[in-house]
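In what comes next, chain A is part of two complexes: it sits with chain B in the first one and with chain C in the second one.
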Partner chain A sequence: MISTILLLGTILSTVPGRLEGVAGSVRRNVLLPIGRGLDRLLAPIDRAMVPAATAYNHRFGRYFGEMSGLQLAFVAASLGALLTAGAWAPLVLGGLLRTLALASIWAIFAMSWDIQSGYTGYISFGHSALSGAAGYTMAMLLAHVDPALPLWITAPLSVLAALVLGLLIALPTLRLEGPYFSLITFVAVLLFYRLTTAFGWLGGIPGFSEPDVFTWNPVVRYYYMLVPMLLIAAALTFLARSNLGMILVAIRENESAVSAAGIDPTKFKIWSFVLSSIPMGIGGVLLVGFTGNVDPNTFVVADNSIEMIAMAVVGGMSSILGPLGGAFFIEIFSHEVLHGFSTPVRYLFLWTLVLLVLVFARDGLFRRIWHRLGDVGGGEG
Partner chain B sequence: MSNRGNGTRKNVNNGNRRVGRRALLAAAGAGVATTSLAGCLGGEEGLTIGHLAPMDNPLGVGSERSAQLAVDEINDDGGFDGGEAELITRDTRTDPSEAQDATEELVQQENADVLVGTFNSETTQAIQDLTAEFDVPFLITGSADPGLITDTVGSDYEEYKNIFRVGPINSDLQAESIADYCAYLQDTHGWSDVAFLRDQAAWTEPFGELVPEYLPERGLEIVHEDALSIEIDDLAPVVSDVNDSGADFVLRFFAHINASEMLGIWHSSEYEFGVEGIHVPGMHPAYHALTEGAASYETTSQSGAAGVTAITEKTQPFVEEYASTYEGEDPPVRAPMYMGFNTYDAIYIYRDVVDSIETTSTRDALDDFVDAMLEVEYTGVVGNISFYGRDSDYPHDAQEERNDDGSISNYPMTQWTPEGEIECVYPEAHRTADHQQPSWMQ
Partner chain C sequence: MLQEIGTLVLQGAMISAIYALIAIGFTMIFGVGGVLNLAHGALIMAGAYVFGILVTETTVDWLVIHPAVAFPITVVVVALLSWGLYQGLVRWIEENVVITFLATVVVAVASTELVILLFGQSPMTMTLISGAVNLEPYGINARPRYVQFVGFVVSWIAIGLLWYYVQETDDGRSILAASMSERGARLTGVDLHSVHSKTWLIAGALAGIAGVFLGTTGSATPLMWLNPLALAFIIVVIGGIGSIKGSVVAAYFIGYLEQFTVTFAGQGFRGILSLVVLVIFLLYLPQGLYGREYVHD
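Entry: the complex of A and B
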């Protein structure tokens, strides 16, 4: 018996070493040659795009970050693909436009989470409460005040409600650090969830069906979701690259150093809540316009907050565009690739994927791709 | 995937607005059309039936199996106007948003010609606008809230004329039927004091309004009343309240709440009251075994009467076919739950209507479809089915059947026996056994 255990122990102790050996060998013999091949293939594109990239860097680089030729090509191609999806997506798959529209909303959520949690390092588990505040405000205005209220009244009030809730959550968290901050945000979403079912006038489990969808037309709906998403992405990227973003990152790296430099971290943490709550509110309004139904499952459940984090992590935290990519990746993976599997199986695959990314590509898939593109032709990433 | 795309449909001119929207959608769906066109060439015209149900619930499983049974039988028997149907089921998870996702997929991706199903009324309500927008005939087979009809077809007929309820009869009518049943209990056992409990959900609101009105009219008195949160996790205080009220029986309407715990306490304490009304989990064919006998003497109303009685000449053949087809699979194997009976009938009714209007493109021929549906006089497995007309209180809703004395006869009541059998105890026409009081009260 003892000898068996010893034998097993010996085998097990050698397995990790062997695995590393295998991984190293795969890297040397498969991945590196593929990488070199890709480099040779992509280098001409990079070179061709250098003049455009130089012009861009000269004009916009300091606002939105500098790019290599290939990175610019990647951004331009992605943007082009998104803007023309109304024409090509239906040719690829029947429901792809719907998935892309949904991904646009989730991209807003993931980016909003990122500007706060990804940049400051204060991980929020309660962001769905913010979109919930917007959604519920809109639904209750229509259900309890006047069903004919126009969008230009309900939407700003809903975004304002998200902002107010964001600040309400912010207040007790300012003196807290690390896990305590996360716990408060988590409790906030649990409280909100119970609130929605505790009183009849908050709609209970079925919620409110009063709000109308913006449109059922898949093409028009997609652009209703895409355009605000792109504007928010541009605005958040700009802010993240500004001094404000730098201070938020500095808070993450060393908060006491920020204080020592004479900057009040509390003020900037409040700013991060503001920056995050407003787009969360806009995303909430868009989600109302997408589903036409405001209920705890769509807007509030803690799972939604975790999903936003998953998107940001898969894409690459503290990069704004990474979470955007992560949202599209996860939504397409869940609704198109895993289409046909039952909901539990779909989520099983999805969370396994998130786990794999966390273990093997902790900085996120899109950040990896981004830096890899920057490395082609020796460009700067 | 449907074997026909949007672009292959004939467009019927229903007015400028609709044609404009269709044209736009057709453009958006052009890709679907091209990819699926190959499937239409040379083949006979087929159709797609979209089925929506909570598939983590035996009720949804039973409904899907019944739908598949009907589709297979009809496909083997000449099809739908000569075309074969494909059944596509999507899981609604009793979640309004999930149901919307699923419906949109069925309508836009799969180009379903008809939608059948949905269980809880909140889910059904969430998808009605969508079905109306795309002119998809929608046959409700699981939800009872009258508002599903009165707030849609009843308030804007042109917009919502695609919606019909095949069954069950709506909660207003169910309330009347159950009030008559309570009068029967009073006649049989002398039970006159009632503890009235219900889910806090859309489908029970008519009961909340009507039962307190109907019971006193029949000489019964409500001595305790409560609407329980559907998230309740401790039923012990509820049972205790019922017992303290001195009620002869508890009349409860539970679809979301699982009352197994309540039944366990009731049995172990031998409380002196009967357990009556509607309990959807109690309709599961294996429920008695699952509760280890705690369900004994419990009753529940359910369309189809769990298949234990020959409501029509079709009921028993259907139940036998169901049991033999799904033998050896997970429950419910003996019979589907009530929604399955309604779904099975709905698909046969759809076949008859398609045959009579001679097209399977029911989305494009909606007016013809509606006219034909209003003419339906169909003998199904749950009884004789016909629909209320446009000018009635419940347009497009399943009509109730009535006995000579005016009482409703197509909402039968079943009771679990101590031996684990189900008996139909009401109405008299379908009765397989008399209603039993709990043994400790006899």
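Entry: the complex of A and C
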């Protein structure tokens, strides 16, 4: 409870003073003192972690970004909590482990969306088509080819299918800009959805129930989802911090300047599609292993794509850890915090939250927390 | 064969008239403000549901209004909703295209949940005017309903009024000017903010009319925003962004194309051919039939 209050305080103390007047005085008289109190509380942790952070920065800072002591403590604590969740989560709440497993899959989706759309500014509304391609390939292989195909054959083929579809969408659409690009990806999802209902061999609305879930043991299932997610997060963070990530951001900022510098933006946009499609495929395979059923409403519907975007937006676009945090935040928020409400009410809460973040905190909540944590040490760390 | 063609011509004309209304509102907002309003479909849905609430006794039992009175009320309500959406949300974020884009799509998705919460999943049916004409004595195997004729006529009246407003009145010409060059319009003393508000009002009114006819020819459902939005986009791209004439022409093209697919290939393929046509246009003629180069300012 106290940690929730601290977290809220951290967020609120950084909300820009858009609602001038009242908000301004609340901010001066209430939030800033809370923020200062928070600083005083957290500064010792920061100082204690500085040696570890220095060692980390020395070794890995170049590849994964430098961190202050407190930031390192935050990452280490979150990582520790996630890795040990198999032991503690069932004790806290009945369905928490399931929620965390689902959040891991959605974190993969949100990060994949972000490495392409958040970084390059080419907003895709059709990312669920990629995970859908992976899920459907897996289901069709099992249903139409051989129900006994092992995972090590079906999974790579499914990821390959996601990649192929990603490139199929990429190659013609990269000539388009801005809203045109977004809407054609939107159309790609609608087309995919229509096809699943128009052609019987694509399963129609009920879909396929041939694929088996990976395991019925909730703890093992959680780790099946968590480990790939962490690996993908590390890989994407590494890539986003490299020159590649820098070029992708440069494309978003000013594409003609990128080509004027002698770099072919199209080539890098295709790379962003590749980087995005592969984890989307992996996420699709994991979702098959989680639900055991492949149907248009779990895999294809446009709402899925919009939910991925919502997660990335809430966490903070164009950072990898932001969407990750956003996915966990939204999944826990809608499945645990709003547990007692009906589905439409939960989603209404969720979409309102996303709207508020879009209007008042465009950079996302997690990025704010992150920078706030970095500021505690006052730049010594 | 001749009968089928007769049906095709008739039904196509009626559905296309509604498509034109949907597309014009969408293209005006994009052409003038540069804002892609993905909540446009939600406004159309609002039209259908508001009309449904007003005319059916089952939703709100003390409130039953004659359809002829409910129709203008619905149009005004949806126009105000559209205006409210602009004043309450879009105007604060419209300088960032991506954020606006995301915010309006979130509004659209949220509207589905709101409708499910208030009216449930099941479709809501309503009547504007009942009855149908039997055309079999004239060799056409169709029974078009009166409401379809009314839709056709109202669509053309609305388009005509809009055409007159934009071409012939100073007020309307300022909208036209703003769509050509924002800077030029501002330099000649046009208040851009009021121009934007007006386009949202007009687009909302057109969406309201379209919503009433979609609701009365079919039914109102929580997901009914998706199809009109996709249609609006397809039509606008084919017709050329910002062009009213292009929207009308493309609406009839797409309307007939869909009617053709439904008649000769089956209901399941409705829309697929239009999406394919859209992709071809995006790749080979992205400015559309009557599009013009963007004037950057």
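The definition used in the following text is that the second predicted complex is superposed on the first by the 360 of 381 C-alpha atoms of A that agree within 3 Å, B and C clash if a C-alpha of one lies under 4 Å from a C-alpha of the other, contacts with A are read in each partner's own complex, and residues count from 1 in each chain.
Following the convention adopted for this analysis, a contact is a pair of C-beta atoms (placed from the backbone, for glycine too) under 8 Å apart; a residue touches a chain by one contact, two chains touch by 3 or more.
Just so we're clear, the structure is a prediction, and the values are computed from it rather than from any experiment.
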(message) Given the alignment on chain A, is it a clash or a fit between chain B and chain C?
(response) fit
(request) Counting touched residues of chain A, say whether chain B or chain C comes out ahead. (result) C
(message) Between chain B and chain C, whom does A:197 touch in the aligned arrangement: first, second, both, or neither?
(response) both
(request) Scan A:219 for contacts with chain B and chain C and give back first, second, both or neither. (result) first
(message) Per the contact definition in the header, classify A:209: touching chain B only (first), chain C only (second), both, or neither.
(response) first
(message) Quick check for you: in the superposed arrangement, does A:43 touch first (chain B), second (chain C), both or neither?
(response) neither
(message) Per the contact definition in the header, classify A:76: touching chain B only (first), chain C only (second), both, or neither.
(response) neither
(request) Using the superposition on chain A described above, determine whether A:91 touches chain B (first), chain C (second), both, or neither. (result) first
(request) Give one of first, second, both or neither to describe whether A:291 is in contact with chain B, with chain C, with both, or with none. (result) first
(request) In the superposition described above, what is the shortest C-alpha distance between chain B and chain C in Å? Please give a whole number. (result) 6
(message) Does any part of chain A touch chain B in one structure and chain C in the other, and if so which residues?
(response) 197, 342-343
(request) Name, in rising order, each residue of chain B that touches chain A in their complex. (result) 21, 24-25, 27-32, 34, 55, 91, 93, 95-98, 100, 104-105, 108-110, 120, 122, 125-126, 129-130, 133-134, 200-202, 229-231
(request) Provide the residue numbers of chain A that touch chain B in the complex, in ascending order. (result) 86, 90-95, 97-98, 197, 200, 204-207, 209, 212-213, 216-219, 291-293, 295, 297-298, 342-343
(request) Enumerate the contact residues on chain A facing chain C in the complex. (result) 121, 123, 125, 172-173, 175-176, 178-180, 182-184, 186-187, 190-191, 194-195, 197-198, 302-303, 306, 309-310, 313, 342-345, 347-348, 351-352, 354-355, 358-359, 362
(message) Give the list of chain C residues in touch with chain A in this complex.
(response) 30, 36, 89, 92-93, 96-99, 101-103, 105-107, 109-110, 113-114, 116-117, 226, 230, 233-234, 237, 268-269, 271-272, 275, 278-279, 282-283, 286
